[in-house]
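Please go over the structures that come below.
What follows is subunit A paired twice: with subunit B in the first complex and subunit C in the second.
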Partner chain A sequence: MKRPIFWAVVIVLLAMAPFVLRSYNLYLLNLAAVKIIAAIGLALLTGYTGQLSIGHAGFLAIGAYGTALLAQHFGLPFWVGIPVAGFISGLAGFILLIPALRLTAIYLAIATLAFGTAVAEALPRWAAVTGGYQGMRVPRASFFGINVQNDVAMYYLALAMTVLLLLVARNIVRSRVGRAFVAIRDKSMAAQACGVSLAKYKALAFFVSALYAGLAGGLYAHVVGYISPAEFGLAKSIDLFIMIALGGMASLPGPVLGALFLTYLPHWLSGFRGLQSIIYGASLIGVVVFMPFGIWGFVRKWTAPDKVQSLPKPLRAAVAFVRGGGGA
Partner chain B sequence: MSEHLLAASGLTKRFGGLTAVDGVEFHVDEGEIVGLIGPNGAGKTTVFNLISRFLEPTAGAITFDGVDLLRVPPHKVIGLGIARTFQNLGLFPYMTVRDNLLVGRHNQFHGRILSLAVGVGRREERAAAAEVGEMLDAFGLGALGGAPASMLPYGSQKAVELIRALMAKPRLVLLDEPVAGMNATETQTMGQFIRRVREERGVTVLLVEHDMSLVMEICDRIVVLDFGRKIAEGTPREIQTNPRVVEAYLGQEVDRAQV
Partner chain C sequence: MLAQLIVSGLAAGSLYGIMALGLILIYKTTHILNFGQGDMAMFSTFIALLLFRTYGVPLPAALGGALVTGILLGVVVDRGLLRWAKNAPVTSLFIATLGIGMILQAIALWMGLIDARPFPYALRGPPLFIGDVVLRQHDLLVFGVALTVSLLFFLVFKFTKVGIAMRATSQNRRAAQLMGINVGRIGTWSWALGLGTGAIAGCLVAPIVFLDLTSMVFVMIKAIAAAVLGGFTSLPGAVVGGLLLGVIENLFSGYMPPAIAPLKTTFVFTLIILVLVFRPHGLLGERSVGGH
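Up next, the complex of A and B:
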């Protein structure tokens, strides 16, 4: 099957999902979309540009609270509020540029961890604005007066955002910008000798990555309708990292697969009460051990063996880090 | 002051107590192939890294076509017309050969991030991609465009790196040990390649190399460094018979140990 036809069929099938699936399944898909968008953003930063971040939940929080607050205080509709909050999150991404221009690898990861923790700590303490530990209700989404705060409408919003942001990410990685990202990751001196400004492209990577996370956060706010600080803690950042490490981080299908995997695995396991986290952990280890290049790398090994390359070294270190093995 | 394409004067670099480059003065004229040689640790690569602006000199000046190079950040050196290769390969291993060469053209792409993100403004990149194919064909590497750079044999990787440097349409290329680790045949091929770069494209070449037969064969002029100092300069014939050079290479081990 030709590629454009394949994708057209996929999109049509996805667009028909609301006619087939129950509301709860749509809700799950919406949550998956949130994770996919955030994971793509993190893959651009960590997988492509080699800048380790384990503080990305901070950007999700900025996007989610930003969207909610813009709707509450300024009455901005979701289709303005989400992009604006995403943009604010993107600007916040520049905060991480300060350590990123001096630190690499695990040291940068620690700085990003500090950022994520700072946001997670600030949210409950700034109770006057954020509602503190109780969280806040997100004003209902409406489209020119029509209430669209339901799973079906949110599904189409999530689908549109995911497709659009995937296409944008694909365009970026295939352009000189994407090549500059990879050049910085693999050999930063050679990259500079080719005319790539480290400061400029790292800034761009952090901005785009934080923008994606912010947009994901904004979508999340409307999908769930209620947000609280507990959802944006360290665990969420690590979840995101696991998604891209599992899926295959220097690719775009990778984060999509990783996000779907981490959305549905806990769901499928909900029947095995008590054994849930054991099976969950075991399957994560299984994927990392038997698919060292991620799920996408595993798929490619069978579908396009000539194109499979080993994982770039910094990412191996990152995977080792996640597996608790340390690694330089 | 300078009719020289590249000129360094009083160039000095100290790392703590170690003086890696010590008051070196040399120049490269348009169209020349100049060799920078010297025993290990003589400061050759340090000189390259000073020209590439990866290192800040302790003292001295470098000009390129009359422009003060020391005012230029590393990523803008290529924009002036200076491209380079690296001693231990500067290819991006997980990129295809084609993409590696496109990075070589990076500084001449003008597509803005916003238009690139929505998928327009890539005409210049497509044109460059076509040129990449021609370049690879011209150097007999046409079949390798789609392969990841790290999958190529070592000699081909060295050649690809030089082609990448040419993608920027430079006036000067700095080659850091272009034939290191190559066998005699590969060295021959690379030597012809470097000549062609000058003859067909009019690119000036400054190279660091330990393979003396290659250096003597292709260089118009040779600059010799030893312990960070310039000890000789001249044509290959002059250098071969220069007693100081012979001493630096063959050495007087006892004297060296006392220094």
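Up next, the complex of A and C:
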């Protein structure tokens, strides 16, 4: 890490949030963490590897139901249940590998859409296990006998998972694996010619992406305490896609910003009855028009060295602090 | 039974086909997947309903109103909006079409489309019996319109200057520009025709499923699936894909036991994936090196 001071400050501030914020605000932050984790997973797949997916809610559902069922039937605690369910979801990612090895662009998008639809249609009909349309209650989380089913404990869980998974994603992106992903996205044929195995790295991308979505789903199950099939429909998959496209796809800050944007915007807009979806739609269009490469692309553009030179001094100092002198 | 299922499947499939034609037209020339197509069709159809119910305009004129609304909407979306975002990658523009859809939903809600509304059938009369197949007059109308629209598309693309320019633009945007084709104007034409087609599809679907804010979205998803099945760049493919989708779906829900029958969407999608695994560019799509 080149900017240790900045990150230390951010993490300390976030860790202190429960002392300042009310329970509801923590709950919102927890939901934001779920979206951030899922969005990072999708960004690794779509932004870095170039494989469109509009069926990711299916993996969220597998993670969420997996966690809930493992806790209910096997009594697994959350810190075992969430990773196991995430891993199962990751394995489910291989289902999409068969079409992904053959298809590109919109054809792949439809194949992933098919997966998402299949999960969304199967959940309510498999009522014996999933509780059908009514959904199911998630057993309360406990940590060695201590009840941790509250917003504060879940906040620390969400924070830890987000930080850890962001670090993992960052290391993936900066390693040879990440470079292979980008090579596949930019020109798959050239990547192959350079010795990148398409099958291997696409498989890895789908596994990691589905794993992230599964972990996010598991976290969601415990944060909300109740899951139902309606929450994992096409709209959720599209939401995830909007997050990464708005934030800036081929970056890690992008999905984080996009996820925060999509968590808080509807929340702020809930006061404007009737106008809500007009403002929501207009802000989507506004971001696309004014920030064609997403929010992060916009930030990058205005913090480029030549732009920073002409900023007023306090702002310049802020940018320098975030950069930590190490540069981007 | 079999013949009946096939005929009603073809009727549903024609609707998917018409909707898919509009989507593909826009995609071919602009490379934007218009995910707001459903909402835009809903809006045009709602205008027809308003004209007919509230202002007492005769039905044919009201349907014409929907078509005009669709075409104008296309012009507004392209000139008023996408023009300003031409540097954005197509994935972002896809998000913008979603945003337009949300705004149209909100406007329709504000104009009074609160619950599902019945929509008048243009042709209402005793059904026809051919052997033991029952054919509603509306189905006949759907077949007729689908045939007419397909024929019109064929004629436009084959013989008119705009149609040929559209084909050129979709094949190679820059070369088309160098040949003196106003690519921007072709984009506007595509949006206008695409959303006009969407309005036609909307007015044909609405009597069957009732009109509410989201009823067209499901039709659009099916239309996208149909278009992909046919090959997303092929106009005849859209019609073929739509018809196939409609028939398969109907046969599945007709012959499967009631426990599995509701899973028809899953079944159809799985089938599409299988088809795509063997024909990655759909049934009639063009094979392109590298793709878009």
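Convention: the second predicted complex is superposed on the first by the 302 of 328 C-alpha atoms of A that agree within 3 Å, B and C clash if a C-alpha of one lies under 4 Å from a C-alpha of the other, contacts with A are read in each partner's own complex, and residues count from 1 in each chain.
Criterion: a contact is a pair of C-beta atoms (placed from the backbone, for glycine too) under 8 Å apart; a residue touches a chain by one contact, two chains touch by 3 or more.
All values derive from a computational prediction rather than experimental measurement.
After superposition on subunit A, the partners subunit B and subunit C are seen to fit next to each other with no clash. Using the contact criterion defined above for the overlaid structures, shared-chain residue A:Ile98 touches subunit C, although it does not reach subunit B.
Of the two partner chains placed by superposition, subunit B and subunit C are both touched by A:Met189. More residues of subunit A are in touch with C than with the other of subunit B and subunit C. Once chain A of one complex is fitted onto chain A of the other, the partner contacts of A:Ile172 are limited to subunit B, with no touch recorded for subunit C.
Of the two partner chains placed by superposition, only subunit B is touched by A:Ala180; subunit C is not. In the superposed pair of complexes, A:Leu234 makes contact with subunit C only, with no contact to subunit B. Of the two partner chains placed around the shared chain by superposition, neither subunit B nor subunit C is touched by A:Val84.
In the overlay built on the shared chain, the residue A:Thr117 is in contact with subunit C alone; subunit B does not reach it. Minimum C-alpha separation, subunit B to subunit C, in the superposed model: 13 Å. In the superposition on chain A, the residues of subunit A touched by subunit B in one structure and by subunit C in the other are 187, 189. Looking at the complex, you find that subunit C touches subunit A at residues 27, 33, 35, 81, 84-85, 87-89, 91-96, 98-103, 105-107, 109-110, 221, 224-225, 228, 232, 262-263, 265-266, 269-270, 272-273, 276-277, 280-282, 290-292.
Listing the residues of subunit B that touch subunit A in their complex gives 52, 54, 73-79, 83-84, 86, 90-95, 99, 102-104, 106-107, 109, 111, 113, 116-119, 122, 125, 148, 150-151, 164, 168. If you check the complex, the residues on subunit A that touch subunit C are 98-99, 102-107, 109-111, 113-114, 117-118, 121-122, 125, 187, 189, 234, 238, 241-242, 245-246, 249, 274-278, 280-285, 287-289, 292-294. Residues 167-168, 171-172, 175-177, 179-180, 182-183, 186-187, 189-198, 204, 250, 309, 312 of subunit A are the ones that touch subunit B when the two sit in their complex.
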